[in-house]
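Just so it is clear, A, B, C, D and E label the chains in written order, and each chain counts residues from 1 on its own.
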Amino acid sequence: MNSKSTNKSNFFKITIENIKRPEISALFAFIVVFIIFSIFGWDKNFVSLMGASTWINYAASVGLIAFPVGFLMIAGELDISVGAVLPASAMTLGILSGYYELPTWLGLILTLGMAFLVGLINGLIVTRTQVPSLIVTLATLFAVGGLTLTLAILFTDSTLVAYYAPDWAKYLFGTVYYGGFRSIVFWWLALTLIFFLFLHKSPWGNWVFATGGDLESARNAGIPTARLKIALFILCSVCTALAGICQVIQFNSAQSATNFALIFNTIISVVVGGVLLTGGFGTLIGIFFGTLTLAIVQQGINFTNIDRNLSNLIIGIMLLFAVFVNGSFQSLTSKVITSDGDDKDEKS
Amino acid sequence: MNSKSTNKSNFFKITIENIKRPEISALFAFIVVFIIFSIFGWDKNFVSLMGASTWINYAASVGLIAFPVGFLMIAGELDISVGAVLPASAMTLGILSGYYELPTWLGLILTLGMAFLVGLINGLIVTRTQVPSLIVTLATLFAVGGLTLTLAILFTDSTLVAYYAPDWAKYLFGTVYYGGFRSIVFWWLALTLIFFLFLHKSPWGNWVFATGGDLESARNAGIPTARLKIALFILCSVCTALAGICQVIQFNSAQSATNFALIFNTIISVVVGGVLLTGGFGTLIGIFFGTLTLAIVQQGINFTNIDRNLSNLIIGIMLLFAVFVNGSFQSLTSKVITSDGDDKDEKS
Amino acid sequence: KIKIAVIGGSANDGFWNIIKKGIDDAAEMVEANGGEVNYLRVPNYDNFGADLVTLVEQAIAQEVDGIASPVWVPDAQVPALKAAADKGITITMFNAGAQFKEELGALNYFGSDEYVAGVAGGQYLAKNGAKKIMCHIQVPGAVNLEARCQGVADGAAESGAETYILRVPANLDGDLAGTSEALKAEMIGDGNIDAIVTLAAWASDAASSAIDQLGKTDSVALGTFDMSPAVLDRISNGSQTFAIDQQPYLQGFLAVSTLFANLKFGTRIATQPVLTGPAIVDASNVDLAIAGVKLGAR
Amino acid sequence: MSENKTILELQGVHKSYGNIHALRDINLKVNEGEVLCLLGDNGAGKSTLIKILAGVHTPTKGQIFLDGKPKSFNRPKEAQELGIATVHQFGGTFPLMSIGRSFFAGVEPTIGWGPFRFFDRKTANRIAVESVQNFGITRIDDGDRKVGGLSGGERQSLAIARAVYFGARVLILDEPTAALGVKQSAHVLRIVNEAKKRGLAVIFITHQVMHALAVGDHFAVLIRGSVAADFKKGEKTREEITDLMAGGEDMSALEANIHA
Amino acid sequence: MSENKTILELQGVHKSYGNIHALRDINLKVNEGEVLCLLGDNGAGKSTLIKILAGVHTPTKGQIFLDGKPKSFNRPKEAQELGIATVHQFGGTFPLMSIGRSFFAGVEPTIGWGPFRFFDRKTANRIAVESVQNFGITRIDDGDRKVGGLSGGERQSLAIARAVYFGARVLILDEPTAALGVKQSAHVLRIVNEAKKRGLAVIFITHQVMHALAVGDHFAVLIRGSVAADFKKGEKTREEITDLMAGGEDMSALEANIHA
């Protein structure tokens, strides 16, 4: 036990001192699963442009949302309302520009505006009340979901709408490029760059970390924490809406059903990416690879002979493993003694 | 703004001083929704023994699990793996005693044993690593869910099994008594009493609050926090298994799909019941009424003429409303300044 | 005053919103004759058996005179509905569970069993030359979905076609991109797949996108349960083979109207059971369907 | 000394948290080039007072004057921009951030322009490290180190260094020496005096008479939220001050009592 | 004094957190009826040392003797059961719990028997309130009040009162007066002396020379993890002690320096 706790805090100390980076372990996790599936999926062309496009497309559709969700987590908040905002925005565009045949640009603006509003509501409630964001966004998840369904049926008599976007919109949001890559992939890559600069280079990035690190000190340091959080909630909804837009334009059709799965997928990506659930720490590249890792496991399984029903099991184990690697970063919050003491408790 | 922040902390101060109790506001929320639905559901006999039994039955099936989930939340942890443990235990009993016709008592023991194991795993990982319980149980949620599906298909090559239990088991776990009340209701009421004594009267209850209030101080005070948490995780899985057992015996059939809705329902019940998501505070009676509130909102809709599509919207709003009432208790964690400061940020 | 309770599927399920329209329309006729209809739907399919039985109990609590209900989980529902019947409540069935009509002494049955519908789909594809069919289940373990794919498999087997049931992880449910890529991956992995059956309109949106990403629009047949504007558009422009239409509108409408008529006027349809489907919508009859869909009735 | 120009002035300031009145009718002057020692029992209202000056709280009643002009700070930021830097009793650093980033949180130095104004890591680290080393904490030389790796004393020093660096006109320290060893405390006291020499006004809160006497030019004692005494250096003996700090009780009695 | 019987003894105790050696070869005696003042710079290893005695950490090397018999505390509980009560530097109370429950956390008094041994609220509250009032904090009279409602000083006192109550043989206080006002500090010092008179062994950590001198019979100074000096009351002058507390540096120079 002695040696144990020693090694442990030893490892921690190292992580503290030479600022070991979560993206390293996320990259590591990514490489591991990639190799695994390359082996098991070889004879089914997992390793091919087309093969790659499957999980990269998927990663893009999740990653677009995982980034802002990650920002919120670093700032100490959660947003699970994305599960309802995605279909809501897809339906909005579908109904406005598809069913009512409004010009696309107008439909786009109104859709983004709707998302903006949801984010604003989330942000205001979270910052003005003492209610934890998990609960606030859980409530908006249900509310927005229910509203989408009701309005869809009210306006179109159906829970699904078809929408064929004009070519320019198709090229921008929903077409397939060489090798089977979708427009959304380029959005994702572009945002990866922009968000990287935002989080790690711009002053605002610093604010995000400070806010999540110690809310009160951040405010005392003159950081407008509340406005920052509201902005992040809005960013989160708007990015989700962008994903929704890409979806409806790509698939020419939108559905109103709440997408609960998305909630889990984004959180998994972010945490596998090494962001601290308790806030204050994380990296963009980490989230990037976290998303890719999830995507490979989710899609790669289809290239193997493994029983598909096992994929959930594998996702679970992969998640544990990845978080295990990152777990150490918790210690940065000087929780060393904690874990150490805990072991003791068990021993007996 | 001044007056605002003043009133606010004023209210807080009051809550701190005369230990205002969350069960009061939970009871309040319950009464309000009850009245609302009594009015709108009058002509559909919402207020009748049979009518009551429908939402009380529902409350019992959620409440059985909400209690231990609440304990964990008070102790500063979350358990969302219940969504997989419920179908897993139902399927286990169904397959063992139904498909393979093992004696019921053996099936029961093995089922509870399986749940015990899952709880133990959750507890060990959470206490031995730095990984937050939300993620750990998210992982086990997927793992157990996938395993259930795989094994079900492997053994019975169907995802659904039928099981007709002997009478004694029926009486104990799955029959309908006068007024349409199910056996599970009595389990729930019994556990309400036992758990009340546990949380508020026994020394262990004190440990739960202390552990959630300040983990390190609790350990230094000599409380075996790790073992306590492990025990609570086990309790949670076992209670979930009990609910699963009641279900399969009541309905003669088990389904293997992961029950994501249950996760949300238990968390909602607990939080509406006034338990602090951040841990350290909550009451059993609060959870009790929180569950009843959820149950009425979920089931009461069917006794009204409200368009069914609106149900999710209403649940969302009700949830926000209920949490608002309790939100104030967050302040007990001396976050007064925080909220106060936040307002300021927004103002500009 | 005659009260009728109708038990149905989740609000998130597009299929059931069409049934709902049938019910709502019938409800107007019912109300015109001084009756009342209450539509009870399960919140989701996560806890099917229990939720369905709870709804039956609610109907009983509401002292209705008749219940119209599908039977998905017989072991759970049949006893509950029997209990209702014993209380003198008239039962009529629709959408699923035809084989329990006698046991329940139900008034009649309207619908095409999920399984039967699956069989029809399987046969259609096999007849049109499909050798290997992939049947996609978005919520593994969900009873009604499993039944559909089982049907597809059996139906295809009759004509010697092989069926591969793909159960994607539940965390892809409703995820167009994820599902589309998953199906694409399967097709990349197994070039022999020459037909896909999806169990929801949105899933076939995903499937078709996957198919034309691989440029296999001509070589891979696509069939789906349920219809949506997009589905029908594809059928008419040839990028999708067919949609299995159980004519949910009729199921809801007939179940409610005939049940009420029986209770109020004592009328009774001689034909039993009444099969509303499966009707296969393909290029030949798509135009009519489109009109219906626009009105939310198909 | 009393000729020193007044920077901050409070007139009839009240602050109540709901039904408890933390501050009652506070009148106080803060002069440049002068150290104001704010003394008082636990719960006397010291932190509340400086939180008002730091813009964390707004007074329930009363006025604050800056250079004679009425001012109201609605947010910490505003106070900062007017050159008032504060080290609060708790927190003040970010365990998971690098020393440089933590030091400049909220006032990041940037290079580039327009949307491309990026955080200037080099400068930030250099300044941060320099300022901390001024406190005799020479072990800290890498601005990229995580604050979480520092000892309590080191962290405290980092927070103070930050305030000193940004305290253009007024420097407020709430019990800065509480967690510090004698050496670090001495450093802090030295810094305070240097700041004073540079013409800053310093507000210094402490429970240690020795520290108060070591730097204070001007003493204000709070008892149950109101100013019980306000005097210049040398006007009162150490014993008198001690008694006042104890909320007016006779400490000598108590001190005797210790060995009784 | 030195005839006093030794309760606790450390022999060659080492403790390292990974690659930093917080404690090196510590040899120390704690005698009953005696106050041992543990002095030292920030990061010297004081808290680490008492955490070992409190059973929070286990030493990497070395032995602990209780009444001459080798003992190893694997968990805080074990140390407690042997009558060693500790007030750690941080925390120690539970904001959301009642005073009574917080006071008895982990060692709840019960009435009834078997599975029906219930928490004895009345007794708990009575004892808790009494013990706290001993500290001159008479405002606290209701044991059901939430700890969250108390001032920092009041909370600290509550934590100390708890230790005093359970400290059957050894009482360990880690910087108990850091956050306290002079009055409260005086009370703490009084309590320490009373405990000593009752024959308890007290380990007292502080950064304030005055407090050390006020109660200490026996002084141990840690510098960078090892015992630099170990002497009895009166063997060294205040200046010498101050220098040692500063990690061996010449404070007088520094102190001069303050006004330089």
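Just so it is clear, a contact is a pair of C-beta atoms (placed from the backbone, for glycine too) under 8 Å apart; a residue touches a chain by one contact, two chains touch by 3 or more.
No experiment lies behind these values; they were computed from the predicted model shown.
When you average the Cα atoms of each chain and compare centres, the chain farthest from chain D turns out to be C. With respect to chain E, maximal separation of chain centres occurs for C (centres as means of Cα atoms). Note on chain placement: the centre of chain A and the centre of chain B lie 27 Å apart, centres being C-alpha means. In whole angstrom, the spacing between the mean C-alpha positions of chain A and chain D is 41.
Chain B and chain C have Cα centroids separated by 33 Å. Annotation for chain D: residues touching 2 or more other chains are 56, 75.
Annotation for chain A: residues 13, 149, 153, 216, 219, 224, 258, 260, 264, 309, 311-312, 315, 337, 341, 345, 348 touch two or more other chains.
Listed for chain C are residues 11, 17, 140, 167, 169-171, each touching two or more other chains.
Residues of chain A touching chain B in their complex: 124-125, 127-132, 134-136, 138-147, 149-150, 153, 215-216, 219, 224-227, 230, 258, 260, 264, 267-268, 271, 277-278, 307, 309-317, 319-320, 323-324, 327-331, 335, 337-339, 341-343, 345-346, 348.
Only residues 13, 16-17, 19, 197, 201-203, 205-207, 209-210, 213-214, 216-224, 276, 280-281, 332-334 of chain A touch chain D when the two sit together in their complex. Those residues of chain C that touch chain A in the complex are listed here as 11-14, 17-18, 21, 140, 166-178, 180-182, 184-186, 188-190, 201-202, 205-206, 209, 212-214, 228-230, 233, 293-296. Chain contact summary for the complex, chain B toward chain C: residues 44-45, 48, 50-51, 53-54, 57-58, 61, 83, 86-87, 142, 145-146, 149, 152, 158-160, 162-164, 176, 180, 247, 250-262, 298-299, 302-303, 305, 308-309, 311-312. The touching residues of chain D, when paired with chain E in their complex, are 40-44, 151-154, 175, 178-187, 189-190, 193, 207-210, 214-215, 242, 245-247, 249, 251, 254-255, 257-260.
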